[in-house]
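Next come two complexes built around chain A: one with chain B, the other with chain C.
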Partner chain A sequence: MEIFFYGITNSITLALMAIGFSLTFGVSGVANFAHGAFYLLGGIITWLLINLGIPFFLSALISIVLVGLLGFGLYWGLMYRLRGLAINEVIVTLAAAIVIIELLRWLGFSGFTYVLPPFVKGSVEIGGVWMDYQRIFLVVIGIALIALLYFFTHWTRIGLSFRAIAQNERTAIALGIDSDWTAALSLAIGSSLSVVAALAILPLGSIDTEIGYEILIYALAVGIVGGLESIPGILLASFILGFAQIIVATFFQAQWLTIITLGAIVLILAIKPSGILGKYKELEDRV
Partner chain B sequence: MNSSVEYRIERIDRGIKVRSDSIYMLSSYRDLVYLFLPRLLPFAALIVLPIVLEGGYWQKVLFYACIFALLALSWDFMASVGLISLGQALFFGVGAYVSGGLNYYLKMPIFLTIPLATFGGALICTLILVPVLRLRGVYFSMVTLVLPLLLSNLVETLGILGGTYGLLSLSPFPSSLLASYLAVFAVILCLFGFRRLMTEDYGLVLKGIKDDELVVMSAGVNIYWYKTQAIFIASAVGCLAGALLTHYYQFVGRSAFALDYTILPLAGAVLGGPGGFAGAALGTFILVPLSEMLRALGGLRIALYGIILIGALVALPEGIFHYIERKYHQFERRVRI
Partner chain C sequence: MKKRLSRNKTVWTGVIIFLLLVLPTIVMAQAKPIVLGMPTSFFQPLTGSSKLAIEMAIDDINKAGGIFVKDEGVSRPLKLVTADTRCGEPGTPVHAALMAVDKLIADEKPDALVVAPFRSEAMVATMDLIAKYKMITIQTIAQSPRLIEIYKGEPDKYKYWFRATSNSIYVGTAAASTMDAARKQFGHDKFFIIAQDTAWARAAADAAKSRMEGLGWKTVGYEPVAVGTNDFSPILSKVRTSGAQMLYVVGDMPTLPVCFKQWKSMRIPSMLFLDFAVVTSAKAWTTYGDDLDYVLVMPFPGGTGAPVKALPLSIEFHNKWRDKKLPLMDDPRTVSSAYDAVYILKDAIERAGFVPSKDPDKFVSFLETTDITGVSGKIRFDKASHQQIFDGNPNEGAIIVSYQWRSGKMVPVFPEIVAEEKIALAPWVK
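And then the complex of A and B:
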């Protein structure tokens, strides 16, 4: 029973971590290896604002908007000049991530003093397992966001144009989609989503700069295992990885968690690079 | 377009370049100097520097610079086959652990561990990478990004090869001069060897694979076999760097898979200019002394590499070396449109 409940919350946590990354890198094909850095930055900005005396929801909103704008700026400032060179996009965003994370580490934003407040304090017993409200909120937010994202990428004009520039940028331009604006918007929304994830997940622990890299790895794992462009794939992959992690952590050492995640990336890329539910990337990226 | 633009920049080869390119005859000392100075100068500098800096702090810096230059050359070699690696730390770490392990457990002498680590390590790296060789572009980069982390975590979790503590008190080099010269000769060999290799038929195939895989395939060439060979060569160079630094430190630990060994060679190669190998070496020989001077910054140095990497990619994508090369061979003038 414990495995079941913790498995579900862990899976949804993974899905939340991956959502922003999947929207940017998966759905619209814009590299965003600064995802983990934005997650960390969002958490720290919120912490700073709360300690300035600003109420929680206002500071959460401010940090979501700020990091979204930063993502927007990252596109126009750096990636706009390298657009089309996929590798350079990856390198430049990874370098941006390293700069942000190492700066925050240098400034010392790490440790038990940096704790975000939960939405609602307290916990409740479900089926013999004590769950704090934050975890329940997290599951609700996660499922809602995935549903929203599926709706967004399949039924709204902007969401469809996100997918369009990933599938074929030239055709998208020919059909009147401004690919630069779309990509910038995708990066901005993806960055904002990473902050939403941070706000939901970080209250469960303390802020540590190392998570900036971990989140990226987890998001990469979920995205690759599920299939980068597939939203149901995120859910499937996070359930596979989430339960695998909980089972391994229960029966073996906790250190195996990272190995499971990293191993899954390598394994899936070696066997089926498009991921479990992915389709079209297989044609492009594998001879 | 903008009507105020009345001039454009025209680039023309210098007369001396045209002469020395096309006439296969020793025409003048000036031509000879023009041709050989850029090649002999770094060669001579690398030969003389270890003696000049003997015993001092900067000899250490030279050694580090050579290690990172080897990693950058290895990165550039893979990049010239179209395989962009984001995990030079993989090669470095495997080389470091193989030489460290052989020395620690089997008590092998240093002159056996380094060659064994170079080729054995390269074999291990190649075997690790062969299953993902069919991946292209970003996907290959992602695997290489993940692999060093995976190996580092495996070492920690399984507790093999010293686990978290690493392997201590390995054999040192007999003298620091020997260590410097080994590193320097390795850099020279790789730099000039790779440059030569890319102009041979073999290099032509590799360049073809980078430009268009399908064309090379339809010419009846097994590109995966060539890619395997390229990875073997590149990882041998990376493993050599790892083995050399291991014996220099007399220690190998999980830090051998750290991000530094990925990001600094990458930053060096991009700063100096990818393609042509000289840029990669030049970039690291600029970056490493720079980062030693900024040692006071501590953890901020990695952030600095990131900033340099971004700056080089956005502002001077061709790299310092190619910029200098262009100025050396060509002159510019303004021409009315």
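And then the complex of A and C:
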């Protein structure tokens, strides 16, 4: 039973880490390698605001908005001129990530002092398995976000425009979609989602600058395995990797956890480069 | 006339008292300071706190008139100079750390070094610099036993080096003895290890395993975990099914707090001994709160993490720290050793009558005969290794103390000679 319950929480944790990255890079085709840095920044801004005496939920809201605006600014400030040059987009956002993370390290936000409070403290026994309330909230938040995102990208005009510029930007422009505004908005929403993930996940441990790099690796792994543009794919990959990690740690040794993640990337790129439910490569081949 | 005489007397008495009070300060202010060099990596919270501890000791000594140097007939104040070796930062080569030490010695011409490089590799390499410059060094951080081997290899060359803190052998033995106290108290004998998958943590885990097995414990699980592991539930499930009664966790990775939080939330039925520096000071409770309740911790030399009634200077040390409004320590391991290092030098200078740089060869013998009380108990050096002697009795040598977190307090629970309470089981541990 522990494998089942903790497999679910681990999978949803991975999905939360990946969802903002997937929205920008996968769904709307804008590379945001500063995703991990925004996750970290969101956690630290919230911590600072809480320590200034601002209530948790208000602090969380302010961080979500601030980081969203930063993502928006990142597009207009740095990526606007590079739009369409995929490698340059990767380089510039990765550089921004390094600047943010190392700046936070230089400012002293390193170590174990920075901890976010859980939504509700304590744990409960479910089916003979003890689990903390925060993990239960995390699962609820994760499922709600995935459902919302699916609805947003399939049933709203803005969401459909995100997918349109990812599939074919020129055609999207011809249909009246402002690709720059759409891309900037996608970066803003993706950045805000990284903060939502941080607020749900970080109370389980502590905030450390290294996490900024680690999150990006997990987000990339989930995106590549599931298919970057596919939200069901992200969910499926999260469950495959999440349960694989728990099963390997339970029946073998926990030191292989990282290899599972990285090995899955290599394997999927060799077998199906678009990811399990992704269709980019197939579409390109057909064209 | 009589009244005038009496008034003159009062004035003169006042002048004499004033001169007696002020003159030593004026003389001391003019006397050349005794310079202590602190070349270490300031990236770590541990070294930042060590610097504050040294400054606290220097401040107290200077306020009391400085150190009287008999041969010079004056009291001299102490002055601290520092150099960042950066050896605790990832990717810093050892030679870069050596250059920082070399530059400090050349530029500042310190009379002695304190603390010294953070990382053992850098400290090992610094031994030759210490020998080259005949620089008296009271080293207080790097714990590697290799330093003793180096000293013993050529004692005449390396005799200027003294380690005034614990070493990894003392620490490992003390950790095993603490856990073994649970066997004696509760009849426990099954042991599980979770070690971060890095060389130092694996080495600490291997040493704990062999020591615990030597004491009659059965190792029922040994789990190396990858750096970055953010869910410990499968490993903790294994701990539960293994029937382990003692869980030893060692590491320093950012996600390690997840482990002890899950230990509590999953109600893992084993005692938890956490070999994780961050949870060994009062600050940890302000960060993690009651997730730490019942966790056993050991911040190396006794009294450095929290006061111990049986170690009076540890109470004084923490009171001074609080009175000076210094920030709570992030990592208290060996911080009190840095504080003691200043007093070790003060004592030796006063007995020798000269500063270490004047005649380092002769000064060594005064350090070898050190016999003062420090934060962790009696400070004495083993002549054969220049290692501070750690003894089970604070009246004979220094001691290492283990604590248990109880409702926000670090309660000394081992060794028995200083324990203030017995080890308690968490409510969900049978």
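To be clear about the criterion, the second predicted complex is superposed on the first by the 279 of 287 C-alpha atoms of A that agree within 3 Å, B and C clash if a C-alpha of one lies under 4 Å from a C-alpha of the other, contacts with A are read in each partner's own complex, and residues count from 1 in each chain.
One rule holds for everything that comes next: contacts are C-beta pairs under 8 Å (C-beta built on N, C-alpha and C of every residue); 3 or more make two chains touch, one makes a residue touch a chain.
In this text the structure is predicted, and so the values were computed from the model without any measurement.
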Field: chain C versus chain B on the shared chain A, clash or fit after superposition
entry: fit
Message: In the overlaid three-chain picture, which partner chain does A:T258 touch, first (chain B) or second (chain C), both, or neither?
response: both
Query: After lining up the shared chain so the two structures overlap, which partner does A:E2 touch, if you call chain B first and chain C second: first, second, both or neither?
result: second
Message: With both complexes superposed on chain A, which partner does A:L94 reach: first (chain B), second (chain C), both or neither?
response: first
- prompt: With the two structures laid over each other on chain A, which partner does A:E210 touch: chain B (first), chain C (second), both, or neither?
  reply: second
Task: Go through the superposed model and pick first if A:T13 touches only chain B, second if only chain C, both, or neither.
output: second
- request: State whether A:A86 touches chain B only (first), chain C only (second), both chains, or neither.
  value: first
Message: Touch test for A:I50: chain B only (first), chain C only (second), both, or neither?
response: neither
Task: Identify the partner contact of A:I173: answer first if only chain B is touched, second if only chain C is, both if each is, neither if none is.
output: neither
- request: Using the touch definition from the top, say if A:T250 reaches chain B (first), chain C (second), both or neither.
  value: second
Task: Aligned on chain A, what is the least Cα gap between chain B and chain C? Give it in whole Å.
output: 5
- prompt: Which positions of chain A sit in both the chain B and the chain C interface?
  reply: 253, 255-256, 258-259
Message: Please output the residues of chain C touching chain A within their complex, sorted ascending.
response: 45, 194, 197, 223-235, 237-238, 254-258, 261-262, 264-267, 278, 283, 287-288, 330
- prompt: Considering the complex alone, what residue numbers of chain B touch chain A?
  reply: 84, 86, 131-132, 134-139, 141-143, 145-147, 149-150, 153-154, 156-157, 213-214, 217, 259, 263, 266-267, 270, 298-300, 302-303, 305-307, 309-310, 313-314, 317
Field: chain B-facing residues of chain A, complex
entry: 31, 78, 81-82, 86-88, 90-92, 94-99, 102-103, 105-106, 217, 220, 224, 253, 255-256, 258-259, 262-263, 265-266, 269-270, 273, 285-287
- line: chain A contacts chain C in the complex at 2-3, 6, 9-10, 13, 111-113, 115, 122-123, 129-132, 201, 204-206, 208, 210-211, 214, 245-247, 249-250, 253-259
